[in-house]
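Below you'll find the structures, each written out as structure tokens.
Next come two complexes, and both contain subunit A; in the first it sits with subunit B, in the second with subunit C.
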Partner chain A sequence: MATTLRKTVTPGLFILPALACILLILIFPVLSGVRLSFFEYAMRDFATGDDPVFIGLDNFRILFGSANFRASIRVTLVFVSGVVVFELLLGLILALLMEGGIKGLRLFRTLFILPIMIAPVVVGLIWRFMYHPSFGILNYFLARLGLDPIPWLHSTEWALRSVIIADVWQWTPFVFLILLAGLQGVPKDLIEAGIVDGCSYLQNLFFVKLPAIASIIAVAAILRLIDAFRSLVVIYVMTYGGPGVSTEVMSLHLYKTAFMAQRLGRASAIAVILLAILLLFSSVLVVRTLRTERK
Partner chain B sequence: MTSKTRKQLLTALRYLAIIAGAIVVLFPIYLMVTTSLKPRVAAFAIPPQWFFVPTLSSYATVLFDDNFLRFFMNSVQVALGATFGSVLIAALAAYGIVRFRFRGSQVFVGGTLVLKMIPEVILVVPVFLLWNAFGLINTRIGLIMVYVALNLAFNIWIIRAFMMEVPRELEQSAEIDGCSELTIFGRIILPLIAPGLSVAAIFTFRLAWNEFVLSLALTNRFTRTLPVAVSMYITDVGVQWGPITAIATIIALPAFIFTFLAARSLISGLTAGAVKG
Partner chain C sequence: MVVRSGKAKLLVVLLSFVVVAGLLAGGAAEPEVEPDRVVPEEFDWRQFEGETVVFNFPAHAAYNAVAPLIPEFEELTGINVETDQMAYMRLHDAQLLEMSQPRGDYDLIAMVVMWKTEYADGGLIQPLEPFFEQRHLAMPDYDFDDLVDPYVENTGMVGGDKIYLGGEGATLYGIPLGAETSFLAYRKDLFDEHGIDVPETYDDVVEVARYFAEEVDGVYGLAMRGASGHQATHAWLLHASPFGATVFDENWEPAFTSPESIETLEFMKKMVEYGPPGTASFDQDGQFNAFLQGDTAMYIDASVITGPIRNPEQSAIEGKVGYALHPRARTNLSQTGGFGIAIPSNASNPEAAFLLMQWLTSPEVERRAVLDGAGPVRHSTVNDPELQEKFPEFKVLAEQLNYANPDWRPIIPEWGEINEMLGIAINQVLTGDKTPEQAMQDVEQPIRDVMERAGYYD
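Take a look at the complex of A and B:
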């Protein structure tokens, strides 16, 4: 009797600290944020100790009626689709180039991790420096090529593209690493069979290799989607959402609503919308992982 | 053209493309580091000075600034505190899950994956309010607690994968020898999964050292960390690129060190969950 009790209590004791942290510091705040999204609550009320006022779905109604919020949705969608498409494409090309095993593969792989490990703040600063209209290196290169300077971060036309370029720079290596690992896992005899059958490189690529790593490409895409939706810091440092609201993604709009406009209830409503989108994507990932776990 | 020369040509083109890619990846980092080493005037020179006598004057400006030292120490404390706490708690939990196969461990695995997706920005408002209520706002320990929790799911996930490789007989024989659960965990399991612990530690350190939004909202001018401090340099002092790139390089230093010392662990951590093994 005592041993069975011990057998059930001990695992609980090992897991308890983690469970407590997750419940108190992650789950509880997220839930209280969801609750707050149904309330009118300004920073001023918080300072004076006034209680939040229940207003039902008004925060959401106001948000979807607000031009700035709708703009932030549009900016987010352009940003997310832009970075995911380019990162997958470039990452795949790099992975295919290196897949055959090249001299110094390990060195290249190591160098390619650097952008991923560097703080987003630093990435934002470096690119802001390179994008500088008068002494930025990029416009200097353009001038050397005889091209007109580009107002990278200072025009509504270019700012979003510039922000996308910086993200593509930082995260293409991540996609590359995942896809390279995937390609190296494709059984060799599968590819050799194709070569024996007289398949060209492209035929082999489209009919053998890509189908073999389709699920890994999908995972890389979802991971990048999730991360791109929450991306905020690089943009904060480079443009702070500007010019106008041309680079103000949803997460940045959330931050500004909370700490600049000081509307905590409405910011929470944006958080709820963002959370719903992310849960949708991550549930796909969870289902897949649990399935491979069971095998 | 013979097929042999054609093949050589293709290989040459392949290397050319890879080297071009590597240059694009490395150039911005190179530019940051060299700018931080340039004398003040040269930092802005157009055309850029590719060759110059390196100077540490920007670093001197930064390092003799009391504020910088305080922010630096804040960052060190927060990152080390969060790393120690998160890895320890995660290792305990992972052991509990692997060792006892209790009911609901599937739920736990799925749950940790979902938790990995929670963005910092969603936590900002509620944690800001809660930490105010608990007196944890503007404290380093408050920030450490959030980082511990944020990386817990990933750490449990990684450490669990390493623990599943440990042969069960090892624990069983220890148990027969009369070791307690805690002794088995501390003396036998932890040393065996040291590589897993180091992956977890590096990624927790990276989060706590690099994180921006929560630190911005939850700290004040005494407790803020380096990433927030450097972002304020831009607006405060106009744009002093010398000192800014110097601080940026200092922030990036752990990333450089980890990359060159533990590239393999980093790759396994980055691709964890995406690729099996």
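Take a look at the complex of A and C:
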């Protein structure tokens, strides 16, 4: 009896400090954010000492009644899906090209990491300059090729695509690195067995390699998904959400609500909605990965 | 209810300030027994010797010009000045966070005028009259009345005829430094070359813009801001003022669906059409670059551009620019905006900060800063014949200031939110996504909701 107790309680006691830390720095802020989403609270109320006013679900009601907020959900979903799909595809293709260990792999790998290491603000500025309608290098090349200039950042049609391109440029290498490591970890004998059995390259890819690294692909997808949902800085610098609201992702809408409109309660409500969407998407991915791993 | 509690807070802040001032005065009295002190009648610059003032200000021509002079103030007063310079769009967050604490880091802040009501209404900055009334604090030869009236009203006055204006019951919270109005700057060389008259009306502007865009290779019409949000709203307000359009009517009902407002938007659409590519995405930098790099023949906006025009590192058009009054539609009314300096309520050394505030905006320092690229905020500077000789735009400015309109933008505490909402709608007009009527109607109810919730219709 005593030993079973020790077996159950002792580990619990050892986990307790870590648990307390997690509660303090992770769960508590989330909960207080959720709580704040039911209140009306301006930043200057800090100074005046006015208490937040409880307004129930008003923040959510106002948000879903706002065309700009609904637009920001749509923009976020398009941005995230565009970014994740293209990054996974390109990253996978690059990883497959390089997995055989081509000449100068080290050099390529270093070059590929560069975009990840550049600060987001700088990435935003670089791309803004490259997209510039008069001085930008992209339109310069288009003109040299005899093509019409593209209104990269100042047309509703193009702005979101341009923002996606910039994000794909920065984060494809990250996906590439993860997938490359995954591919290099696939046991050689599996692939050789496939070859012996007469698999073509594509058969080997789809029936041996990809299933072997499925969970790694899922991890890369989850990481990019979470990051893309929260990405703010590059868009802030490149377009500040414009033209109109065509690139205003939810995190930017949140920023503007909190700091321009000074509505902390409503900004918290946006954060709660963002969190809910994020949890929905990532839990689907996590559950599916776990299930395939168990098989 | 909220206002009353705000006032009560203000009172508490004021009272506590009086107490602190009393303590400080007591502390400062001690060194006066020293034999080599100046005679009591003379202004004592060294009364706050050893104190530290933290000054938060933007990267802006006027502040870049005064910043190098600050060591002289330190030498004069023995006050240690720490400067915290940042990009102007970042100031707001930083200042709000500092001023929301019981004791903030900042003793003197430079604020964009559109934040003043929010700060003053929230009790975050201090009224300045109590400082000016204390003889030992008010610097002699300051000549307050020499400061340009519309600038003082626009930068510093809260709680008058309207909450963001001067008039009866208004309180002074800020002093203009880096304040600006608007005027027309044009490429004299191009106008001469093509035999074009300087536009006096908005119809002329349209005609000239069309001419350059269609007839002259590589040159477009007007450099205008247009980016979604604050920038687009700024551009609209700038042109709405002479067209006679306003955001609200006297009863705070949205008025931006009026024919005057639609007319303003139609004008802006034409300027996008005759402007350089990307006009609808220009922020102030984009607008400046378009004019400074010679892409456009005209610029109508903040007078602060004169500094960059003369800076050969930024400008390809130095010496090729002429200036004229803001063109007339129904009126000549130009904008008032830019920056002012204020003292946070939670400043550690408000009195030392007040000395710095006066010194920075004193006639002598202003004159020197103007020579180094700052815009003038004093009548004496604008009308100085010697300076008018050196800076051709001063003659235009001196006349333009008669038309500077302190009520061109409704700086109510809710303005931050409305500014963004309106700016998105205006940008949608400029990109052609919506017609002017459609865009303004779409945003009318959401903005009215904000005003209703804030209690303007009770």
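Note that in this section the second predicted complex is superposed on the first by the 241 of 295 C-alpha atoms of A that agree within 3 Å, B and C clash if a C-alpha of one lies under 4 Å from a C-alpha of the other, contacts with A are read in each partner's own complex, and residues count from 1 in each chain.
Keep this in mind: a residue touches a chain if its C-beta (ideal position, glycine included) is under 8 Å from a C-beta of that chain, and two chains touch if they have at least 3 such contacts.
Predicted, not measured: the structure shown is a model, and the values here were computed from it.
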Contact breadth on subunit A, by residue count: subunit C or subunit B: B
Looking at the overlay, what does A:Leu190 touch: subunit B (first), subunit C (second), both, or neither? neither
Should A:Leu19 be classified as contacting the first partner (subunit B), the second (subunit C), both, or neither? first
Should A:Thr10 be classified as contacting the first partner (subunit B), the second (subunit C), both, or neither? first
Just to be sure I read the superposition right, which of the two partners does A:Leu264 touch: subunit B = first, subunit C = second, or both, or neither? first
Which superposed partner A:Ile178 touches (first subunit B, second subunit C, both, neither): first
Is A:Gly49 touching anything from subunit B or subunit C once the two structures are fitted on A? First, second, both or neither. second
Quick one: classify A:Leu89 as touching subunit B (first), subunit C (second), both or neither. neither
Who does A:Leu77 touch here: subunit B (first), subunit C (second), both, or neither? neither
Answer with first, second, both or neither: which of subunit B and subunit C does A:Ser66 touch in the superposed model? second
Residues of subunit A that lie at the interface with subunit B and also at the interface with subunit C: 46, 134-135, 259
Hey, which residues of subunit A end up touching subunit C in the complex? 42-50, 62, 66-68, 132-135, 149, 151, 153-156, 239-245, 248, 256, 259-263
Listed in rising order, subunit A residues that touch subunit B in their complex are 7-8, 10-15, 17-19, 21-22, 24-26, 28-30, 32-33, 36, 46, 94, 97-98, 100, 102, 106, 108-122, 124-130, 134-135, 137, 140, 169, 173-174, 177-178, 181-182, 185, 216, 219-220, 223, 226, 229-230, 232-233, 236-237, 251, 254-255, 258-259, 264, 267-268, 271, 274-275, 278-279, 281-283, 285-286, 289-290, 292-293
Can you name the residues of subunit B that touch subunit A in the complex? 14-15, 17-18, 21-22, 24-26, 28-29, 31-32, 35, 44-48, 89-90, 92-93, 95-97, 99-100, 102, 106, 108-110, 113-130, 132, 145-146, 148-150, 152-153, 156, 181, 185, 206, 209-210, 212-213, 217, 227-228, 230-231, 234, 241, 244-245, 248, 251-252, 255-256, 258-260, 263, 266-267, 270-271, 273-276
Under the definition above, what is the set of subunit C residues touching subunit A in their complex? 2, 5-6, 9, 92-93, 96, 99-101, 118-119, 121-124, 227-230, 276-281, 283, 290, 293, 295, 345-346, 416-417, 419-421, 424, 427-428, 430-431, 433, 442, 446, 449
